[in-house]
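Before anything else, here is the set of structures, which you'll find just below.
Consider the two complexes below, in which chain A is the common component and chain B and chain C are the respective partners.
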Partner chain A sequence: MSLAELICPAGTPAALRTAVDAGADAVYCGFQDATNARNFPGLNFTPDELAASVAYAHDKGTKVLLALNTYPPAGKVDLWRQAADTGALLGVDAFIVADMGVADYIARTHPGVRLHLSVQAAASSPEAIRYYCENFAVKRVVLPRILTIPEIREIRKEIPCEIETFIFGNHGLMVEGRCSLTNYLTGQSTNMDGVCSPASDVEYKRHTDGSMSSQLAGFTIDCFGADEKAGYPTICKGRYTAPHRSEPYYAFEEPISLNLSRLLPDLVEAGVHAFKIEGRQRSKSYVRGVVSAFRQAVDDIRAGREANIADLVALTEGQKQTQGAFETKKWR
Partner chain B sequence: MSAGDDTLPRAADLGTSVLARLSCVIVQPVLTRVVRRVAKQHPSLFSRLGPHQGTDFVIDPVELPFALHLRPDPQALVFRAVARNAAPEAGATIRGKFMLLLELVDSEEDGDAAFFSRDLEVTGDTEAVVRLRNALDDVDGSIAEETAGMFGPAGRAILARLRRAYPT
Partner chain C sequence: MAVNDMTKLTLGPIAYHWSTQTRRDFYARVADEAPIDEVYLGEVICSKRAPFHEADLPATIERLERGGKTVILSSLAEVMLKRERKATADLAAMEAPGIEINNAAGLFARGKRPHRIGPFMNAYNEATIAWMAGRGATHVCLPTEMPAPAIAAAAAAARELGLGVEVQVFGRASLAVSARCYHARAHGRTKDNCQFVCEEDADGMPLRTTDDRPILRVNGIQTQSESYIDLLPEAGQMIVNGVTHFRLMPQAVDMVAVATTFRNVLDGTHSLIDGEQALRKLCDGISFSNGFYHGQAGYRRIAAAAAN
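What follows is the complex of A and B.
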């Protein structure tokens, strides 16, 4: 049986301590720059904060994974290399990377530190995963959220590394690592600048009838009725009009979160080594609630008991949840 | 409503306005003490605010007779109660029930979830709000408890009563 490690988000030092105290086996976090895919204003760690956080986590037996999971623009690799050097100096337990150049640098310069392949790399076939393992000694792959559990089971048999899957949180469009929607509207790239829908480009407008519209870079991407639940202002989850549809509709995705709490035993049985909770941009309250709920569930499964997981729907986007492709490819 | 109605406040509006101004006068000394103490205890808050230390936030607890004006500038902190019709032009406005806002400050509630459920409303400069949220979220412990503690057992009793009266 796999160990079913719980990998938990930490957007700030306080959130990291919250995740550790709530039972995370590992926390993942990033620096305050474009080297990670949650480069949000006021979020993330300075090197000093990371040093103190690594000490706190290690003291309690929790690992720290540093996300360096964006792609450097051509020829501008220094920021990523410096971040890797700093992370290695501070004693992080693994780097989560997407870009081959970053992976190559770390594999050569810091061979003692584990490399995990980010979901941003979108490696979903045994061939692709083996390539990263063979060339950069990648020890774990975070799978894109496009695979069913039987497919994961088959991949597991053909790769030499561990598998990590998301089990809860934001459910982005099914082209992880290749999404250019934000770039198209704002000029900033999710994959290179580390931010989808930059807050500086987002505006909410409240209307007299109680409805609220969300805008990105001046384009209205949704309008929620007075009694409707809302979602993130990401283009993939916008509601649009089109010549062939009389009403606005969700063209790509809808506001919804992934929740695999009911599938955990199947994932363990399929050989998934680690479970990832999304949400570095979320609050300590979210971290506390979600991490403790999954800690309990994973402990139950490890002990052979039936997992009875707390209801987390209040924390989901649009207050709706899905098992996505893990359950069926026809999920949408 | 005709244009003339705006210039002649009705008796109820006048009453509300007087109540708002009176409430502001009463709570202001408390707010001043609270914000100074929070700033002293948690100086790291300010670096996460970055360029939005000078932003005027209007925090609007919908059921209270007044709003709050916050400018988190460490050199010239402003945290004051204002009648809604006298609030400054806001860089960003955050609106919700009082207890929800308090729980958000303490990270007892999740801001995104409150936004999804439409209990929390944000208008104006979204980046300013995101920075304020992240700055407050990095504070350990409870600002509400610390504030109540400043007023001894009476303060703590009031906070406990508030929490019972406002289940979130």
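What follows is the complex of A and C.
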């Protein structure tokens, strides 16, 4: 059986301490710039904050993973290199990377620090994963959220590194690291700037009939009735019309959360080494609740006990949840 | 615009599920009439479509080469299933013609043998391009969303390493790929029982916002821009900055005329104004964009600088 580490989000130093106290095996975080894929205002760490956070985490036996998982545009590579140098100096336990140039730099400059391959690298086959393992000594791959458990089990047999999968949180359904939807509407790039549907471009408009539309950069992403709760305008979770659809429909996916609670035992059995909880943009109380609940469940599974899955399912109660691609190919 | 007959025009792989006959006619015309130097063939988007066109491939290659075109085979952007892994490995094993790789699985299979880097490979910067060059890359097509300063810096680095540098200058931008097929979803199906409904939309399935504004196009697992990229006004600046190849993506318009328009302006036999007018006419009802190049929202159309 795999170790089934719990990898938890840390958007702020306070959230990091909360995740550590709630039992995270590792936390992941980033600097306050374009070097990571959650480059949101009010989130992330200064070098000083990261230094203190690494000390706090290590004191409790928790690892710190630094996300450097965006793609530097030509001419700006130094920012990523400096972030790697700073992270290595501060003693982070691993870098999460996507760009080959960044991976190559770290492999050569900081060979003592583990490299994890970000989901942003979109490595979804044994061959792609082995490319990164053989060339950059990658120790772990974060798998795209597009594979079924039987497929993960097969990949596990053919790769020389550990596997991390998302189990909870935002359900990204585009291949990560290959999405320019936000840049198309807002001029800010997910890959180069670490930005996805930025809050600065969001507007909610109330109409005379009581309905409300959510907009991104002036484009209506969804429209809600007076009695509906308006959701955040993420392009791939919006409602649109198409020639064959008489009514607006969720052309890509409904606003829905990923919750793989019920599949946890199967994922452990398939050889997944680490479970990732999404949500660096989430509150401390969210982090505390989710991390504590999954800590208990993972401990139970590790000890061969029946895990109380109902508690985990309840975490997203009242919201729509999905097992996404993991359960069945029909999702595709 | 500066005369530059060294700059090559390329035709990207067909992103859509055009019928076998449509493809035959299309490439026959391209071979005979289009002032295109290099043609990329092969299914890049959906591995389910590939069997429809494989039988024709040798004849198409022969036809295009007879027409004086260099042919390059492009690999799948998404590699997950057994058939996709096999297709990628088979392509990477080929000695001729040239190949363009769009997934790291292809890089793994190709090893250090020469290859081109496709636009899905995320070659955003000089460090990555240098890494790829050291592993056998001879040519790189930059990601479609890159802004001008990054294109210039990447092109300078790539030229220094002896690589060709390509930028998409015409056609819808690829904005995302997914494991899920949105064409099938629109018709209440799944990818496994799609019945190739994507064949109905030769230029992508249009999505509009609930207030009826055109926004995106669906092409199977791919999401594309509603607008066509048109970087004809920016071509001169890109040539100065070291871009060697301009990629035209096949759309459901007269691509021979589109290519001729680009060639005429690049060669200086037609003015930019005439060229832009010609493109407008050829793409009636389609919005043009160049926002990515100018570091703004991709859908936007930014007025050309006075220098052009």
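Basically, the second predicted complex is superposed on the first by the 308 of 332 C-alpha atoms of A that agree within 3 Å, B and C clash if a C-alpha of one lies under 4 Å from a C-alpha of the other, contacts with A are read in each partner's own complex, and residues count from 1 in each chain.
The working rule: a contact is a pair of C-beta atoms (placed from the backbone, for glycine too) under 8 Å apart; a residue touches a chain by one contact, two chains touch by 3 or more.
Just so it is clear, the structure is predicted and the values come from calculations on it, not from any experiment.
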_Output check: A:Glu203 vs chain B and chain C. Expected answer is one of first, second, both, neither. What do you get?_
first
*asked:* With both complexes overlaid on chain A, does A:Phe31 touch chain B (first), chain C (second), both or neither?
replied: neither
*asked:* Per the contact definition in the header, classify A:His244: touching chain B only (first), chain C only (second), both, or neither.
replied: second
*Once the shared chain is lined up, is A:Phe326 touching chain B (first), chain C (second), both, or neither of them?*
neither
_First (chain B), second (chain C), both or neither touched by A:Glu228_ = first
*May I ask you to decide whether A:Pro13 touches chain B, chain C, both, or neither, giving the answer as first, second, both or neither?*
first
*asked:* Tell me which touches more residues of chain A here: chain C or chain B.
replied: C
_Per the contact definition in the header, classify A:Phe275: touching chain B only (first), chain C only (second), both, or neither._
neither
*chain B/chain C common contact set on chain A*: none
_Please output the residues of chain B touching chain A within their complex, sorted ascending._
48-50, 104, 107-113, 115-118, 121-123, 125-127, 129-135, 137-140
*asked:* Per the contact definition, I'd like the list of chain A residues that touch chain C in the complex.
replied: 71-77, 98-102, 104-105, 121-128, 130-132, 134-135, 144, 146-147, 151, 173-175, 177-181, 183-187, 189, 191-192, 213, 217, 219-223, 236, 238-245, 248-249, 251-253, 325, 329-332
*Which residues of chain C touch chain A in their complex?*
77-80, 84-85, 88-89, 103-105, 107-109, 120, 122, 124-132, 135, 143-147, 149-154, 157, 173-182, 185-187, 190-192, 205-213, 215-216, 218, 223, 225, 291-292, 295-300
*Spell out the part of chain A that touches chain B in their complex, as residue ranges.*
11-15, 17, 40-43, 198-200, 202-206, 212, 224, 226-232, 255, 281-286, 289, 314-319
